[in-house]
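Should a chain be cited, it is by its letter among A, B, C, D and E, assigned in written order, with residues numbered from 1 in that chain.
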């Protein structure tokens, strides 16, 4: 942690600088079209020619008309401050002044990011808990049964090549048909995505005790359950947490994916709505909210990890 | 043979591995009496660990007879007839020293009060009173090894099997622990099986030294030590000591040259 | 009340004024008056309403007729029970400066089309025009259009599919003037197909209780539509209230409502057999690769609307 | 209903066969693992078929495996074109570019500690951007063709590759590095002769993780706009047409391609990191 | 001091750690002459490794003077004045034995032909001819350690620094390698700095034994061995040998008791 602040700030500043510069060529065609509509003469005049011309060339030929590069409504690449404004408006401003904001209505506004992040968060957590629970159970099974290991493990790997994300809408419809609606279908997708890292990590963790640690148990004539409780599970804790960090991030992706087809709120719905109406800064704002949520979740797991390991005495 | 605690007759063990069978023990005959301190010495791979594991019921011989306290090793294991100390201390890092010593007691179902009492007693025995609440990594290597001995002593088995317990420690600490071990043995009158690589260690500690040689592992020499039971550290500079050490070294060298 | 009959309606897109009639009926208590407890399930990308219907997740769905008829041929017997949309709102919107003046100019162009069961009208049209859609030199290059009008604005496509009430407005509100565009309404091209009909599973219709429920549902829904046509602003506001994503804007929904009203204006809910036949003919005329291969039988019924409207 | 009972019987049979295989006399055989997995897979397929038929699950919800196989067999040319479009053009090119860039940046980041401390946290944050949000943006930027899919894949695989490579380059023991110093070796010899070889297990770990990510990225990106070919296009369009058998056939293609891709990388890994204990065991 | 290859004067080294400074070496004075075989012995943590690393230019002293071949250690390192053998063999597992030995040669820019010739020669020197194409893990621990010595010898530096090279090996193998090392030293006339934990090893090998004690690490005794250069293994049972060993042990014990 020590000594990262300076470099991180530097990198962020560099990214922002590059971003602002990139806005010009990225948005140049829209900027020029808008300028042309306002009566400016741009070169080349024909929009079809402009489509086929290089962006840098357009920038160089029309340096006088680039003022709008950082303030376009439907920018191909919105400028950072546009996103910041959007973030501010959809969090603080909306809650303070919006018709449905917390000040005026007493509940979080569905036009604000906080409300949607909350929806996503709960689906994520629910899915994560389900996925982690099942993952641990399967890992325990795999470690104790050779049959289970040999049968299930290869297919668990193959299952990861199935583009579950692409199937999300179908899964949701299928779950509809068995009467599951609302948060649960999203949680199922979340669980599916977080399940695999947990299985892999826990199998590794439950197997991490070395032969002499197992032999020690054997010399005590310890039962399988005693070995599990007193040796395998404690030994697997560091592995578990490493997997949980991957798992919770995957879970978040799952929840967001699950929100795309069912437009009933959540950051996923928000992103799609942004895309649907060409509100690029809305997509970006939702994206950043999602990344921040992910960072928060991973950090929480990390904090839990530190606390647990300290309680266990493992530094 | 009335007093034989451990008795092996024509013991044979072959491991089936991917590269074909490994003959780890061949025709091993040995009797260990109650109260003996027996060291096993031999080059790497000669089967010392394997033999100790057979006694502990952790490995099943493929031939011959082996009894521990008159039972099969597996029965003896289930009767918790012995404590086992591994090369590395092998304390569970998530348990305190006290928790580690309590581990076998929990598994064997001792009462809470009994557990606490025993932990206290063995910690004193190995000179670690006051370290109960510490975690293993807060202790030096030598202290950890003492804790692992305490763990093996906690449930008061008559036999103590130790597989290179001091292999990872430096010579000075090792000397010190050897002294302590002898005292402990004198106090508790346990039967001890002890694996080591070090000739001085074997000679210093044992009443009986078993020299082994590899491929296939077998016993080449059994030396009954004429040294007194009471042994100060500088007994190692005496001619008797040096003579035994010499005999052990020769036995080892002979085994080595064969291959 | 507790005895109200439950009806679940699956929309084919997100909550917006395209579905104003149903939200108005819900909001104004028309359903309640009919003793119905209606749940409106918003759709979204990649949610196939027929699939939801088949899985029992909904009782009624809204769908475009080509998609519904194709589902019928694929072994899912859905039946149109009412048709609130008289006129098609589907059109192709092209840049004028590409020089496109009519379908004959499509050759060699890139055209954005909605798939997911919504591609059938376009494919029928092109095969009637004799234009290949396989992407060769002498045909059109078809793109699977996403959910927005970016492909046109970015000039990744020369033409894209738009609805009169929605995407076209979006193009305009991004600063493009109508003069810069050429539009081809399917209605004008003679290839219009029926949109946004109400469909149920055939087997359910056999149940008189269900049929009665549908009668009341259609009656209340049509009342909702007529209310919405008369009060477009209020209707749009109602829709906004039901939008859980909070993404819709007032201005856009009002504009959408005004356009949608034009499409529903000609319908009292009953399906006009001539419209049905025109749709079927268009789809059958699909040349080598027709959307449906045979005249559908029993794909619609007037029983519900007959009962509902007298 | 009887079909369901048969399904349960099949399950019991398959499982006991596997128990016997896994613990019986052939347990040590190299092919037994494959057999057990195959038996398990076959059991699941048979149960699927029987249960779908037994319970009369509509084909538009879940088609039986036989229908999927039939759809697969009758549309091989379509599926091949989809495979080429999505996996070879979008996935593979993105994979190569993304992994290559991740590797190159990792070398840079490793060289300049300032960059490591600055870039990794920021990169970590950015890697949390879900593709479902970035994909529409990239489709807007790079068009509907495979290029935008490749861009999505690049974005997905870049960071795992970067992190793994950086971790790998640091995975030398102090002794191994000191050895180089005793030779007075500079940065480049140390990199080439020590750190890169030592990093290989990590690099391959990154490459393996990236295979599935590449596949998923390429397919999902097609949902946000594509030409009329590709696995993602096929899946989404076929759902709309209620051709669920075709959807599953496309999924089978993706699973096959993914497994083959993963297997190929793993095979190369075995060749390159033959010396690593994890490979030597087998 | 004409012949001094390594010379340390008032050498001091303090590590700055999270828990405050660690005084690893204090006022170390030592001269090593050409052709000497110098062993460093002392309890764990007394700074043996640190001192060797200072000589190798791997660690920078915080005080005092240190010259190697009349240069600073860093210059000596860049001039490739020494070969260094670590405790574990530390062979790169992705290179064959031959490849490992070739590694320093490649880095130092020897010609291909020269490389091949040297690899062959040192492999013979350490008795590993025929193992060139094998990978490290295919060899026993002792063979690996020999290979790592070969690697240090390949570029023919005059100084050989060895940090507990045989620490991980069993006694018999160790004896054997000690014998070999002595022969090699006699043949090549190199100057050798050798860290060990083992008293017999130190006494057996060295012309000069440096006893160190910890916290802070310093030299407590420097013993010039009266043993002849030619040393059969059983010299270890002679009274001279035992006397030196005794002196070393006393020195060690004294250092230990202080804390």
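Some observations on this one:
Just so we're on the same page, a contact is a pair of C-beta atoms (placed from the backbone, for glycine too) under 8 Å apart; a residue touches a chain by one contact, two chains touch by 3 or more.
Keep in mind that what you see is a predicted model, and the values were worked out from it rather than measured.
Listing every chain that touches chain A and chain C alike gives D.
Fewest steps needed to get from chain C to chain E, stepping only to touching chains, is 2. No other two chains have as many C-beta pairs in contact as A-D.
If each chain is reduced to the average of its C-alpha atoms, the one that sits nearest the average of all protein C-alpha atoms is D. Chain centres here are Cα averages; for chain B and chain C they lie 83 Å apart.
Note on chain placement: the centre of chain B and the centre of chain E lie 33 Å apart, centres being C-alpha means.
Chain A and chain D, compared by their mean Cα positions, are separated by 19 Å.
Distance from the chain C centre to the chain D centre is 38 Å, each centre being the mean of its Cα atoms. Shared interface positions of chain B, i.e. residues touching 2 or more other chains, are not present. In chain A, 76, 169-170, 173-174, 177, 260, 272, 275 are the positions where the chain touches two or more neighbouring chains simultaneously. Touching of two or more other chains is recorded for residues 45-46, 48, 51, 54-55, 146-147, 150, 154 of chain C.
The set of touching chain pairs reads A-B, A-C, A-D, B-E, C-D, D-E, using the touch definition from the header. Taken together, the chain B residues at the contact with chain A in this complex read 53, 56, 58, 77-78, 80, 82-84, 86-88, 90, 92-96, 103-104, 106-108, 135, 137.
Within the complex formed with chain A, the chain D residues making contact are 15, 18-19, 21-23, 27, 32-33, 36-37, 39-41, 44, 61-62, 114-119, 121-122, 124-126, 128-134, 136-137, 140-141, 212, 215-216, 219-220, 223-224, 231-232, 235-236, 239, 244, 247, 251, 254-255, 257-259, 261-262. Residues 58-61, 136, 139-140, 143-144, 222-228, 233, 236-237, 239-243 of chain D are the ones that touch chain C when the two sit in their complex.
Those residues of chain A that touch chain B in the complex are listed here as 212-213, 215-222, 226, 230-231, 234-235, 237, 312-315.
Put simply, chain C touches chain D in their complex at residues 45-46, 48, 50-51, 54-55, 67, 70-71, 74-76, 115-119, 133, 135, 141-147, 150-151, 154, 156.
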